[in-house]
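Here the chain labels run A, B, C, D and E in written order, and each chain numbers its own residues starting at 1.
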């Protein structure tokens, strides 16, 4: 039953908002729910590492170390995002951009969003994973369009259409895989564990098609090229806590599906096939993010493109497929989730303070709001991959694994692109943060970004000494490595 | 280069033989200089006649340098000021400053009639006075302009050679 | 726990605690100053212990997830730890009052300084690729934060920060790739594993590793053509940070090169070291040439750092050349020269930057054309800068003189060890070192003469005042170090020789007179200094006796009798450098801009002439501008990818799907 | 420190101090004669010095210690060089200082002191002189070092005594290409470094063409005497160096009175001859434009570099 | 049901699917397109019914009914409602790729689908699997409509075409992917269409028109 809790908990939260609406008393319900989720995730992770995978609901839900880890990522980022939500909504309402009803809907949908994501990572069946991931699209569509401006509606439309189209490919892939699976010895259906175990019996010709479609399809949701284009639009238009959740975990959850698919592909087709596909996607995503970040003019879009970059890096790590690489990629998921959540929340505050999301529109932030600017700056440095933040450790791990795998040129290219991206990020951010603030003599009340600071500190602590996390990562990679 | 060498050989020594040393009415301050006098030339308002003559006094024919006198570029290096011309209003202060800049023991030589007594410019509107009106003069060399021999003669009184 | 380990642990612990204290304590400046001093002193102790043979290894697998960290301290690392610690001591003392300025008083800025020191101390102690890279990058992060500390005051700071961030990241990636290629071959990332596997590396891989590491380390050391960040970041950082960066951080580039080139890779073929030598020679000449043209006091010092690191690389390159031809005696000599120059440079660059900071503190300007006349109002600072300038210009009895002498000795004796490579490289190196020495003299005469002597050229300079006592004390520490290194380099030579064993045999012996071991050559800096002092004193006595006119008279300046001299009549740094600039016209390619405005009545009557001269960095223009333009063009073109059209976006996916399906259909 | 070294260490500075004004006198006299003048006599520089020492010292307002110490330092550097360089005896009084690099750097130190003094006055001329002097020095120093290098490479030492002894033992070296190239380069830079024509005109009165003189315009009395003495000493030191590096014969290798007398005479003759040749040469040359000087120096730098290359390649 | 009849009925249903897909490409009247889409839904239901008859599975019959209700009833209804508010923008006036080229593209896509599906057919050759290429073609044509049609409504139809194709493939390969998944998929599709429909109306509120190519506010 332990496995049902993470799915039900947010649903209960949603129920609360449905019944009582968003008000002073219920404002913190979502944060509490996320906190409980985190506690459950930690317990589950501990349990799973100790006593192996567990199933529930007649085999529909299944948690192995990887699921537990992803649940941990979801919960950690959710805590940050939901903790920042009350202040965010209050400011929006005070500014007249939202009402209590918006608050209710926002909180309700966020809880549903969380439930869908937890379901996605806990589902034992690839079909259910698909359903859950498609559900996230539907749930977040209105969150993206919450502000109802032209841009918000446009973003929501693009988001739903592109994601649905992409995810439809994944559905086709799932069906094709199912076809292959029913005709394979062992007849595993779509159960992930069984598929992985009996992957070598799958028909290679059919599985190839399935894998390509699945990777492309889930890749869409993970923000990987070529169907990445919804991401900057949606992330820049969504309210800050939602952007944080989408960028911090939704992408990773979709990537989780790719990881699951990759195990099957590796078993059926050998490691080369999925590796080639992921490598191409990763490098394309990196190149794309690099090209677009150079001249970016909107800082929320900047963060969104950086998400494409980081998912590209994760894909790169996953493509390598060695335990070290996978552990690094998974650590990268967590680090990126935390850092990106911090940045989107920070960007939300900047937007609320300055009223513009254009890079040009923000000047001398460090002079006006030093704490906020400090968090934002440190977050960007974390994204660039500087220690002590954990992204450094994971990028280092990916690079090391890549050279060990003999992919020197590809890694070199990827690192050059990372350099360009880092340069672009630093360039734009420094223009926002640094310099004198002469146009605003009296600083507006500067919010103390406790949540942001906490997120950064966790990210840094993770990069210095991850404690028990590597153990979890280790057992998670075991489920992902095919020894054939 | 060879042509120059040939010329040097054919011309040989240009300097005229040194005349007899002048009568010894050496200014008292000059005794300390002991045969070496560095001279700073100050044009206080001259018509440039005296300058031409000073130039030739240090030229090869009269060779003022052989007696130990030498023109220098800074009053700091100088022992004596060679002042020519009547002192114009604009030059009075600079002359005083130049005098002040010379390290003791120091001498002032007024060269030419203008320097001695304003000469033909006496009473002109821009004239501040003769050199003696501005700074103490130790030696006067008469003439308008004085002949090079006279200048050399005056210098020899300073060097004592 | 031996002395080295305890010292290092103390240094780290004190540094971190100081950083934490800085966040909470109200009197931050003093706490941070004292903490930095203690941390630096502990590091110095650890470094000295390591140089004298005490070493330790400690593995910290719990740190840095996925890699773990490994630390050790040997003589080579110990040298750099000690140098860093020493610089930190001077800077810490100086910072107590220097950081009371509004921009530097901020909590964050204060807390970062000790962390920066800790990171720098840990870099040479790292014993695995992971630990090395993490410390390296931490150092970059903290220095970046410090560089932008004064961003409110000058817009150039942000630009400097950008350049620094990008260039340092570029260097880091280069090192990262190099080390990771190496690690991939070795299978483990500890330095001992790398060392063991170096023998089995193919020449190509070893070459790739070396070149990549060289690029990365060279960019940290400010070597041409990767120097572009240095003359930006060093001047824009707060001066005590400039001192730390210029005197301690750039050294670590040299450390990395020596560590990877000699220790981990175990030396290499001739072409590696020729490359190092040529880069060093070019940097030395180019750096000092830029400095000679510079009118910004701190920029000039930054460019001189490029020069000095260039000289060090000449030494390192020569050491490599000798080592690869099997001559360990000369290799040791050349490396000792290089490392001694590192130590000396640390001392005098600290002193110079601290003095420059004092000037900046007092006048608010770094522009030499607006300084001058500081001697009467800032006597201590002037003396400090003068000493530093002497030390930097390779004149006896200066600090750099000894190391450059050693360097030239190594180069001279290269003849017997020569191959064709040495026969070509040595004369060029000698010429470069010599040209550098000459230009350095001109540069520092300009900096000192124009910046401190003569009359104030601006109101700011005229209103200067001497700095507080702790700042002077900081300078004093550095000055003492300079003097000791200049007169008695034998104090540090044993440690340096221990460090230089990675490449060669002990090179120098003797306390008063330095005698080269294995080759002929001797120099006694202290006797030289003594002889000069005796001569000066004796002469002064003789003059007093002989000169009969005892009284010294004060007089007005000889102003040709005109009015008083105005500061506008003085020679400025620009005019001072003008002849040199003409000489090197073709190299530096200055941009001249003369605007002549005529009167309306006639074009023969000039109303005003405006003359502007700029000496841009030519390498930057030729090398960086095209790259930047290319990147910008990519960015501009890249926008086409995101036009906002949902059809286009879907099209990407559609065409990819069709293409992939076709591919699947075709390849079966 | 050998007896020979000690004797040399006493004899050399005395000789240089006493003789260098005479050398200047000789050179002036030679020039005067060639110009058809009578000349002031060989002893005139000494008379000038005597007089200057009796005059008042002036400190211009606003100058610092640098201005006051510079003349002392200038003479002191030349004096130390005079003590250590093998002019009369092959051994040096302070052998570890008799290093070519050290000697060149010492002489440069003197020039730097004077340039700083020029800047310290804060006058336009002082700055101008300093700027020009430093420009020339910056180009001269490398040439000097490189030329010297060419000589030291084959000896395997930069110790002057060693170089001189080695040339004594192996006279054929003087005619080697490296040696000849280095000699020419050295002559050019010595001309530049000592401020002779065509680089600088020591007897100019026109400030705008000055280099050395512009820096010392503010000095008076004993300070000026020191500077004049120092410039004379530098000239003789450089000429002596040139003479003994390439033609060391006659130098005392033992501490016998006869050898010492021969050594002194040899030095006087060699330096005197060089001075005469230099002065005579000056008559034939016009001063170069300041901005043509670097071409000359670059040429000599190239020669020196070729000398080094030759000593590596043709060894 | 005899083998031949089964195959003929199956082919008929599949032919209906393909034909309706091509018709969507052909026609410009949005109302007609919706009607064609409803017909396709019916064809899909028929396909499922044929399979259900073949298998003799009541469960599958129920699914067939469900498909009919959802795809020929509910979804076209929703589309019609969306169209009702569309005002005069009732025609797909200027598709990004004109009709002739679209038809040509459809032909190419058909060939591609055929080529790609060969491994699937080969895995388990049967009448049903022989028809898989039809399903894949419909998916690809649906995607093509999504890419080339300007009206929001036509994009919606494109998306649904894709979904129909996928469902067809699903039924042709096996008897579905499990009930939970099946239900989830259907619910998701329904909700997605609902969301899109709401967004269409919102777009109309904010933009006044639903030419998607004018949605270019968010760009770099």
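Note that in this section contacts are C-beta pairs under 8 Å (C-beta built on N, C-alpha and C of every residue); 3 or more make two chains touch, one makes a residue touch a chain.
Everything numeric here is computed off the predicted structure, so don't read it as measured data.
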| item | value |
| --- | --- |
| Minimal step count in the chain contact network, subunit B to subunit E | 2 |
| Intersection of contact partners for subunit C and subunit D | B |
| Most widely separated chain from subunit E, with each centre as the mean of CA atoms | B |
| Identity of the chain that, by mean CA position, is farthest from subunit A | B |
| Among all chain pairs, the one with the most C-beta contacts | C-D |
| For subunit A paired with subunit B, centre-to-centre distance based on mean C-alpha positions, whole Å | 95 |
| Distance between chain centroids, defined by C-alpha means - subunit C, subunit E (Å) | 68 |
| Centroid spacing, where centroids are CA-atom means, of subunit A and subunit D in whole angstrom | 76 |
| Rounded Å distance between subunit D and subunit E, as computed from the means of their C-alpha atoms | 99 |
| Residues within subunit B bordering two or more other chains | 74, 76, 101, 103-104 |
| Contacts with two or more other chains, residues of subunit D listed in rising order | 54-58, 217-218, 221 |
| Subunit E, residues touching no fewer than two other chains | 116, 118-119, 143, 146, 155, 212, 215, 217-218, 220 |
| Complete list of chain pairs which touch one another | A-C, A-E, B-C, B-D, C-D, C-E |
| Residues of subunit D touching subunit B in the complex | 32-41, 44, 47-48, 50-51, 54-58, 204-207, 210, 213, 217-221, 224, 283-284 |
| Residues of subunit A defined as touching subunit C within the complex | 157-158, 161-162, 165-166, 169, 205, 208-209, 212-213, 216, 220, 225-227, 229-230, 232, 288, 290-295, 324, 327-328, 331, 364, 366-367, 370, 374, 381, 384, 386-388, 390, 392-394, 396-397, 399-400, 402-404, 406, 408, 411-412, 415-416, 418-420, 422-424, 426-427, 430-431, 434-437, 462-467, 469-470, 473 |
| Contact footprint of subunit C on subunit B as seen in their complex | 42, 74-76, 91, 93-95, 97-98, 100-101, 103-104 |
| Subunit C residues touching subunit E - in the complex, by the definition given at the top | 638-639, 641-647, 650-651, 653-654, 657-658, 661-662, 664-665, 668 |
| Subunit C-touching residues of subunit E, taken from the complex the two chains share | 96, 109, 112-113, 115-116, 118-119, 140, 143-144, 146-148, 150, 155, 212-213, 215-220 |
